[in-house]
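Paired with chain B in one complex and with chain C in the other, chain A is shared by the two complexes that follow.
On to the complex of A and B.
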């Protein structure tokens, strides 16, 4: 396809004042870089938040009895009062292609006492061998070791250990209202202390082996409150939850399979808000760029007033003049994208593979109950690269509209006679 | 002349409110002390019915004034020996299975006591009604053929209490309570306590059965029935010690 003379004219006009052209291109390319990196950082922060929130303890999806949430009564175990075949459930969940691990859990509220001091705690019974594939909580044990299966080991948070004044190897008393109405109570040994960085977790959670908590609560071995599963890409969780739900015949059995997006809706809302913000950032950056490009194009067309007058006098249509100027602007934009991509790629790769750690500037912080590391981590999102390019071209085009319209209306006779 | 009349009226008004106030206080104070005396010792059974289970416990109860009480579970076997000591604002539990004594933290005062519909806070606060509440007689007359007072207890501004309002009904002829209704801060009924089976135990007329029903859990209840009760048994404060809590109250 032949480009036509207007493209050639537009393209060549870019070379008339190379310095000015390069400066304008530099501005647009920098705008591109700014947009792509800003959006990637914001998405990195969201991803960090979601991963932290789901990996610390929640998991990316959870299975409960449909009565369990939100009251979390100890009676509402999966499968109701009769319990369920937990091993079979775990096998079904594990069988899903995106699930990386699944673990059963039992929860109960109770008193944790060192004798001298007593505090209210959330007791959590886990299968240590399975739990490490689902959450990071056992990796957060900073002293001692995780609870061994079938033992009276208990692992508590750093803050709870401080409040109770106990260390590894010391004794704790647990008192819970058991499922048969009695007051379950027994002695346990602190086998480890965890530090998750989340204040609520560190002050309230006490983790022990699943059978130990079941026996304290007078619950049969088939009765668990939750099966949590991990999925490496959190965004695949909703589809996996639907799949597992169907596979288990969840609705008919009174079971609910919930991905983190439904367990932590505020986090999904936040992710969506960030996405909306991306559009706003693209808009603001390029709206500023429009004025810079428009200024350049006005200057360029003003300088070429006489030349355009000659073209018009020789019978060029005003529309053709507009086309040549728009072609000039589009060429400018296209080259700017090229420069932008060349500038952005190495920076992006650097942030992507070795995100700078800003913890020297400030420590970890929490957001929506998720612990966030202060690293400038970026997310790879090709859509943003493409859309920023499209926005850049549109910017160049919109900025050229007014100068082009003015150029098309240059009166040939007056201009050529030097008026 | 006119000033004198107004003054006189004001005086009469002041006198009458003052009188009513005192009577209301006296009634509640009497109700508070019915089951206690200076000191008391008794046995009771507690029946707890919930959506999930039903159970009965037998217990032995000692009290001294309004500040001290000690409750020891005597049956069933699983809980035998479990004891609760109330001393002032504090509640301690003794757990025989692990042979340990633990103090209930302030954050758990609203937790259920021994799985019943009583809270730990009830054990502490129940004896302080006249200190923590302003008491007014809201009704004085016949209900179902019985002459009663109905009293409204509103928390004093500085009182650290959990109820927004308590209503008491007390029979006028023998000053026996018939029911108490507990409302939260939004003025919604939370639970109803009913007193029945008035009989003479330890030489005093007492309501031998006390029944609590939570409003938000229909069908659930806790019923306490006193089997024996003796008053002024002559125990000292030393009886209500942590050592006594562990050793079995003897």
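On to the complex of A and C.
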């Protein structure tokens, strides 16, 4: 048995006034496009923030001695004062399926002096060969080259270089309180200058090879403060941290394995906040669109009041009239989704593959301490596409309720008698 | 002008004739207008709050510094006594003074803070305790101990982040090291008298306030300062006051003795954040009104199509096509003007009624959310301004005109004979 002629009637009515139908569909499709792109931009901004925060220096997960944070004392190295088998630790972190790279690090605060000028610095000892797989800091070297292993090379930020008035090839004196209570000091050569864009990084960080800083701090080779690891998809980090923690027997050994979500909980909060706003955006946009659809449907049913009166006079039930009008609204919504998807896809692909760079208009800015480029990048989130479609259909249905109710109550006799 | 009043009367009659259709379109406009004024005043209020908090944590809405200081942050680039006297004189000028809330001298330099645990880079600011307490927000962010007091000599007001990093307690000693006015490295022992937590990690980990006199003695700078920080009554006064100050100080600026920086220049990140947030708000308004405009196009177009005969008759009686088009545009404009006006008034009234004391967003984000160096206060107090209301009205009228153009064009092209030929 056929579902009845109501769908056919509803569908055909869309064609009664094509221009009006198209403009209404245009409104809904534009709403769809707006919602999908707005949400994708907001999620793009979150992704940019998380990537920038984790890729610049932090890494997506870090391993420390459980005493190390938050004081970051220089003797709280992994494995306590005895140190640990760093090579073995790195091997087991590397072995995790999602880890792209792992690198050991040593940190110390000290004074950096060029003789003429002195500034405070955060010294960071790294393994250059491993570090490039974890963070972007060595890729940010704009002049000279990264520190070579086993050398007295030092790489400083652009801002520090300017403050100290030194260039590549010149010498710096470091003065640092060492782990044995003495003051370590030695002479180093600037081998490169980096520019990350983050003011505090560029003015404060000085990077050298791991053994060079260990010997300055009187730390044994087995003593490092941190092992940082990179994971390509930041959202896989929490699970990876748990896996690595279990595998290393972390709690028993006094080690903590922390993903960025626990190192920077406020970023996770922000990402969740953005997701909560998606619903609000969908709601407001379609709530505004509802008026346009209701207006069109009202006009369409008003024009047809004689036709509907005939249907009612011939024995059609008021409910069937309601059904035909709801069918009309649903068809309108369905086609609008089609138009919306067709309009959105090329724009989305464009933003996805070549995000417009607005740096000519706006400077970089920071959110939660992460550097954000003014780039309109979008994130691919299929659920938003689906939910916006559902919201659009609901909008069309809700907007049709009032016109449908009015149509069902048209008095056949009065209308047909020429009123 | 009899003709234009006739047009308006015709237009308003037509709108009243199809009251339901008019009301539905008007509701979209009213909701849109109300939402627009709501989000603009909240946005402006939020920005004003960010700017004020940025100004009060740092160097004010405006600051007077030596030209090299902004980038070097070194004691060498301090203000000379003559420059400072000139700046203070300029601040007395009536066009400046009426906007100024407070002026504080600051001796700000980059250095190292160290304790037995380790050493951290620090932004050390020598302040006048009384003046600074009135200027800065930091004294309100106290979590332990007290803010600096006039009699203090070897006291320091330290951020919670640095307290943790250096393992300090209230009363602990720490050594500040920096380059002094003679170019020598010089250390100063101070005691922690108070701890603050601003919520911005960059500030909590690096900022240290010490008494100005202690700083001057330690760095051999005497009574000199690096920065004169100026707090204004509102951020909108910044450009005018900056121009007035620069006019008063023309000679000294030309001589390279000092420069006047606004918060936009001293915190470019905050500037970018405010402008990007504004842009987001404009995109949002654009999208909403794009949807509303399509609704208006539809309504006005339909009313034109239904009234082909009527327009035909009007033209047969001597209406020119131009007047017919004018009538349609007048209808569209009247509809948007009235509903837009109601929407804006409603938006202002509702925002004022419910949120004049601030809209509390703390259910969505907590106090740890920071944006370009300021903590975003979860309670946003809306800021109303005549400028925004005018902007919104103009925007709404523009939308109304644009949306009526196509229907008006259709109405102008009605074929009189064809339109009047048949009974409908």
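The rule is simple: the second predicted complex is superposed on the first by the 415 of 419 C-alpha atoms of A that agree within 3 Å, B and C clash if a C-alpha of one lies under 4 Å from a C-alpha of the other, contacts with A are read in each partner's own complex, and residues count from 1 in each chain.
Everything below uses one rule, namely that a contact is a pair of C-beta atoms (placed from the backbone, for glycine too) under 8 Å apart; a residue touches a chain by one contact, two chains touch by 3 or more.
Because the structure is a prediction, the values reported are computed rather than measured.
Overlay on chain A: chain B and chain C clash in the combined arrangement. In the superposition on chain A, contact is made by A:179 with chain B only, not with chain C. Using the contact criterion defined above for the overlaid structures, shared-chain residue A:381 touches neither chain B nor chain C, since it reaches no partner. Residue contacts after overlaying the shared chain place A:295 against chain C, while chain B stays out of touching range. The partner that reaches more residues of chain A, of the two candidates chain B and chain C, is C. Contact with chain C, but none with chain B, is seen for A:38 once the two complexes are overlaid on the shared chain. Residue contacts after overlaying the shared chain place A:151 against neither chain B nor chain C. In the superposition on chain A, contact of A:92 is made with neither chain B nor chain C.
Judged by the touch definition given at the top, the superposed model places A:24 against chain C, while chain B stays out of reach.
After overlaying the two complexes on the shared chain, residue contacts for A:415 are found with neither chain B nor chain C.
Once the two complexes are overlaid on the shared chain, A:189 sits clear of chain B and of chain C alike.
The intersection of chain A residues touching chain B with those touching chain C, taken from the two complexes, comprises 111, 113, 118-120, 177. Taken in their complex, chain B has these residues touching chain A: 48, 50, 52-55, 78-79, 82, 93, 95, 97-98, 100-105, 107-108, 111-112, 114-115. Contact residues of chain C toward chain A in the complex are 20-21, 24-25, 27-28, 31-32, 35, 71-74, 110-114, 117-122, 164-167, 177-179, 183, 185, 201-202, 206, 268-273, 275-276, 279, 283-284, 287-288, 290-292, 294-295, 297-299, 301-302, 305, 364-366, 368-373.
By the touch rule above, chain A contacts chain C in their complex via residues 17, 19-20, 23-24, 26-27, 30-31, 34, 38, 70-74, 108-111, 113, 116-122, 159, 162-163, 176-177, 200, 203-204, 266, 269-270, 273, 276-277, 284-285, 287-289, 291-292, 294-296, 298-299, 362-369, 374. Residues 75, 111, 113, 115, 118-120, 173, 175, 177, 179-183, 185-187 of chain A are the ones that touch chain B when the two sit in their complex.
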